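Structures for review follow.
After this come two complexes, each holding subunit A, first together with subunit B and then together with subunit C.
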Partner chain A sequence: MFYREAGQFKASYREDQQIFPIRQDRIGIVAAIVFFFLVVPLIANQYWLQAILTPVLIFSLAALGLNILTGYAGQLSLGSAAFMAVGAFGTYNFMLRMDGIPFLVALVLGGLCAAVVGILFGLPSLRIKGFYLAVATLAAQFFIVWVLVKFGWFSNHSTSGVITAQHVEILGYTFDSPLSKYLLTLAVVVVFALLAKNMVRSATGRKWMAVRDMDVAAEVIGIRLMGTKLQAFAISSFYCGVAGALYAYMYLGTVEPEGFNLDLSFKILFMIIIGGVGSILGSFIGAAFIVLLPVFLNVAMHTSLGEFIPANIAANLELIIFGGMIVFFLIVEPHGLARLWQIAKEKLRIWPFPH
Partner chain B sequence: MAREIGEVILDLQNISLRFGGVKALTDISFNVRKHEIRAIIGPNGAGKSSMLNVINGVYHPQEGTIMFHGKPRKDMEPHMAASQGIARTFQNIALFKGMSVLDNIMTGRNLMMKSNFLQHALFLGSARREEIEHRKKVEEVIEFLEIQSIRKTPVGRLPYGLQKRVELARALAAEPSLLLLDEPMAGMNVEEKQDMCRFVLDVNDQFGTTIVLIEHDMGVVMDISDRVVVLDYGKKIGDGVPDEVKNDPAVIEAYLGTSH
Partner chain C sequence: MTFFFEVLIGGLLSGVLYALVALGFVLIFKASGVFNFAQGAMVFFAALTFVGFTEVLPGWTGLEEGGSAVFWLAFVLALGAMIVLGIATEKVVLRPLVNQPPITLFMATIGLTFLVEGIAQGLWGAAVRGLSLGIEDEPVMWILDRFEMIISKFDVIAAAVALVLFVLLAALFQYTKVGRALRAVADDHQAALSVGIPLKHIWAIVWGVAGFVALVAGLIWGARNGVQFALTFTALKALPVLILGGFTSVPGAILGGLIIGASEKLGEVYIGPYMGGGIDSWFPYMLALLFLLVRPEGLFGEKHIDRV
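After this line comes the complex of A and B, so read on.
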């Protein structure tokens, strides 16, 4: 089937403003959703569901959160993991302290806690930009983890702040199997991705991008920098917070504040750099890439290929490839794998007559 | 032209602006009347752009008063100026590079769009209707400036002349009552300049927009403006209708005498 918009004439602005204006994209999205909801449960084994697909989805959501802030609103952050921690510990405390609270409500409330903390640590963005802002968010990263360890209340006074996720039950159904956790995560992530897609293609997204691209011009048009930046911090942190709660409840089961360290923040940053800064699809591609690369390398090392590569290099291959790709994308293609995919689609659109 | 020049809508009184030791503007007074095309000319560094920045609140002068529609305003922030109907373009194109032409122009409608991010996230009912309603208005601007064919193009890929036109489109989308244009024709070839002149005149004529325009091309200035202010080293050295200014000895010496 050809990928092109020729022959798909838009008779109204309403049609032109559909969420996916090109029919093949619409078909692709529906096919992907059907595949991940209906086909994957039939073919994926426990290992794939539990150790790969669920974390990919959760990291995609966190990357999406960071992409809203960094990719769309242009505010660099190194605090994603800390906002995830706030979401996880927030949800835990709502579950713990409010009897019978539905999990999804606690999840959203946890996200809202992260949003509030996000706004607080977003305040410096009103005065500083770029590198200096990144350093300020770094402060959030260390401060939040420190608070969660220091004050036992957050972890119900467990040793070193470890929390164990309560059982999740929705409408009498307990989510304890890898498959059920995968499906719940998938549902949450799909909903949030569609909401994000809607935001970025409407006035909200245009405001973010305007502030990112040229803040003086944005202000002169009547966009309030302060409100717009803090809104981006709030929504971004909300997404990260929900991702953090899913990380605790759907993936690890037991987490400690130190688990949400700077390494994790960097990992999420690398996801959007490799996947695509300012792209929703890129958030998914980046997360999948970073989770899957070590898995593939591991498999490759156990085949005959492994024999040709010295052990000391093999051990560091993952880092070498990550490093190389990050440098490549930063310099050559700042919009990441998602952009490469888009270029391929554009080529396809005019194929086979490129002129 | 059958245009009616109206009352004074913008009155700048004794404006002085300093950056540290640099006096960008010294004791400048002039006014702008409703419906006119008011040009500001002067050599590079004369303070023209600073003047526009003062008018729409990007810079705050240390001294002086600005009366807009008869009310004094001091230290107005740019977004407040925008909500009072002042729009502008920049000397160095200030488009949103990562966005399409259409999205750039849609940002011009921002102040008139009332739905919030939750409504946008759900994209139902009112948010969708609003988006379509403003899209219609934006399409009118696109048609007016004859840029239909590039509406979906990322602005970064456009040639310079078209970028200038898109920037004008973004300002016009806000339906301003006062439009500030900072060298809208700089760097354009003759044909592009003629197009731009036509657009400026049409905007003024059809929408009744008051225009303050900075321009280097004396031919253009003399052709399209109603009154001209001349700045030199941050001081006002001339003010009047084009013919007056053209023959003013001080202006000739300071400005026309140089290599512009």
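After this line comes the complex of A and C, so read on.
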């Protein structure tokens, strides 16, 4: 009913190949973008903008990066937080050392730094596969954080590598308020999400998927493994790097290398697993879920049950519920929440007459 | 030169402990193909449960505090708890995920890590506790006199315990019916099933044995560094050992542990000062990574032949 495509004829290749071939999807996407750009600023308060919506968007971008690498190109990585750190510290140094550089340029340059580092640590993927590669990416995780702490140059010689984000100014407008930060983040994320959506349905994305499904077979049909894998590493790290820079400039303001630890990497991995591996939409759903779950648990603990449960047990209970939820979700829907949405779409297509 | 050997032997001895944790990984990976990230949490859980029982048992049973009766009773109870935990994990978490891609199973074990850590701390509290095995952490006088090297008695005994454990496990794998079944399952699940090996029982046994190994590792690590949350990070130390030795090889885990332990200490002492110190957080990984570039399947891992 809602997804009936009857009557939507494709009369040209152009129409057949458009990014959202179904009209309802196009309307939905435009409605969502309008909603988040225009309606949310009107209804959301400071807390929501600052503590929930902005981080969800930033983590969505990071999850998108990891999803490109893990979901589309099939290379498991446990070092995404480190690439975020490279992006954050890269942008910081460009802002610091190049006078008058526009923020967006520094952001992209920071992302490019992460891409270069990503290629370096992606090199082992040419010989190592699967879990061996996952553990190898841990080398990136620990090494990069160590370098950023150890060598003061990266953080302008501040103690233990803490950096404080400079003021962001674009065309004379200073991005200070939570609302302006949210809107800037949203704009960046929307651009990169559309880029990613386009990338994965082009020849690039198809090469990645071929490598993911079976690299030997992909090589046989003429895909160059080295180029494809390194490209996936570069683009994934670029996304993570930009996300890291946004994390520092739009969300926290002050970050230290230790903040980009293994836990953050795991968090991003959880996002794509719960959201859906190999799905752009899944990255967003997963990020929203992982950011909101602790907030929700916290609120639940402190309001309804707060009187009965002492604080130290509540903290452990949070851990237990978080772990339990992940296991539960994996058992119930191993393909992630994005798959649920797909099923819902299928159902809506034939509703109310399923036969 | 004496100093070099002192560092080397210290490294080898701590390598034995890495090997012990890595062994738990290998056992489970071999038998069920699950990369069990929760092994570190299991080590923590085991140590905490043991300490918890030694604290409450004198009150419950009237046994003398710190006596050997309490020690063994707590050991047995903790072992029971580990076996129950292992079997429950297998039944509740992994059984429903059979035939899922390895990454899903891996993620499930990360979820399990949080769960186990939360349960352990919820049951016994989050305070750092001491754990005494009744072995002094003092230099062995005999070696000090003969070679003028400081080698801790505790480390030597811990290594000996680990060695006994390795031999026991090797014997279990090599000479018993269960061991044969385990090896068959490790080789090929379906073939093992078709000749009538009860896969479910075997998996339960493997998780039980992994729980036992985690308990021994937890006791030794806990006695060394105190029973605290940081114990869960031993799992991270065991990962480079695994890639060095190969995920499916028990001798690989042992040899990998020794290499990582020794090179970590030597690297910290001889290379560290040139790079500002603190390199032990990533040095083992880099080492393992370089090694993998030469041998992608680890020291003793099975060579993969891909067919299209």
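Operating definition for what follows: the second predicted complex is superposed on the first by the 323 of 355 C-alpha atoms of A that agree within 3 Å, B and C clash if a C-alpha of one lies under 4 Å from a C-alpha of the other, contacts with A are read in each partner's own complex, and residues count from 1 in each chain.
What we mean here is this: contacts are C-beta pairs under 8 Å (C-beta built on N, C-alpha and C of every residue); 3 or more make two chains touch, one makes a residue touch a chain.
Just so we're clear, the structure is a prediction, and the values are computed from it rather than from any experiment.
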Taking the superposition as given, does A:Gly130 touch the first partner, subunit B, the second, subunit C, both, or neither? second
Touching A:Leu96 in the superposition: subunit B (first), subunit C (second), both, neither? neither
Going by the touch definition up top, name the partner, subunit B or subunit C, that contacts more of subunit A. C
Report for A:Gly222: first if it touches subunit B alone, second if subunit C alone, otherwise both or neither. first
Pick one for A:Phe322: touches subunit B only (first), subunit C only (second), both, or neither. second
With both complexes superposed on chain A, which partner does A:Met214 reach: first (subunit B), second (subunit C), both or neither? both
After lining up the shared chain so the two structures overlap, which partner does A:Ile52 touch, if you call subunit B first and subunit C second: first, second, both or neither? neither
Is A:Gln17 contacted by the first partner subunit B, the second partner subunit C, both or neither? first
Touching subunit B in one complex and subunit C in the other: list those residues of subunit A. 214, 216-217, 220
Residue ranges of subunit A in contact with subunit C within the complex: 70, 76, 124, 127-132, 134-136, 138-139, 142-143, 145-146, 150-151, 214-217, 220, 262, 266, 269-270, 273, 277, 312-313, 316-320, 322-327, 330-331, 334
The subunit A residues in contact with subunit B across the complex are 13-14, 16-17, 19, 195-196, 198-199, 202-207, 209-210, 212-214, 216-224, 231, 235, 278
Given the complex with subunit A, which residues does subunit C contribute to the contact? 35, 93, 96-97, 100, 102-104, 106-108, 110-119, 121-122, 125-126, 236, 239-240, 242-243, 247, 275-276, 278-279, 281-282, 285-286, 288-289, 292-293, 296-298, 304, 306-308
What residues of subunit B sit close enough to touch subunit A in their complex? 56, 58, 77-79, 81-83, 87-88, 90, 94-99, 103, 106-111, 113, 115-117, 120-123, 127-128, 131-132, 135-136, 139, 170, 174
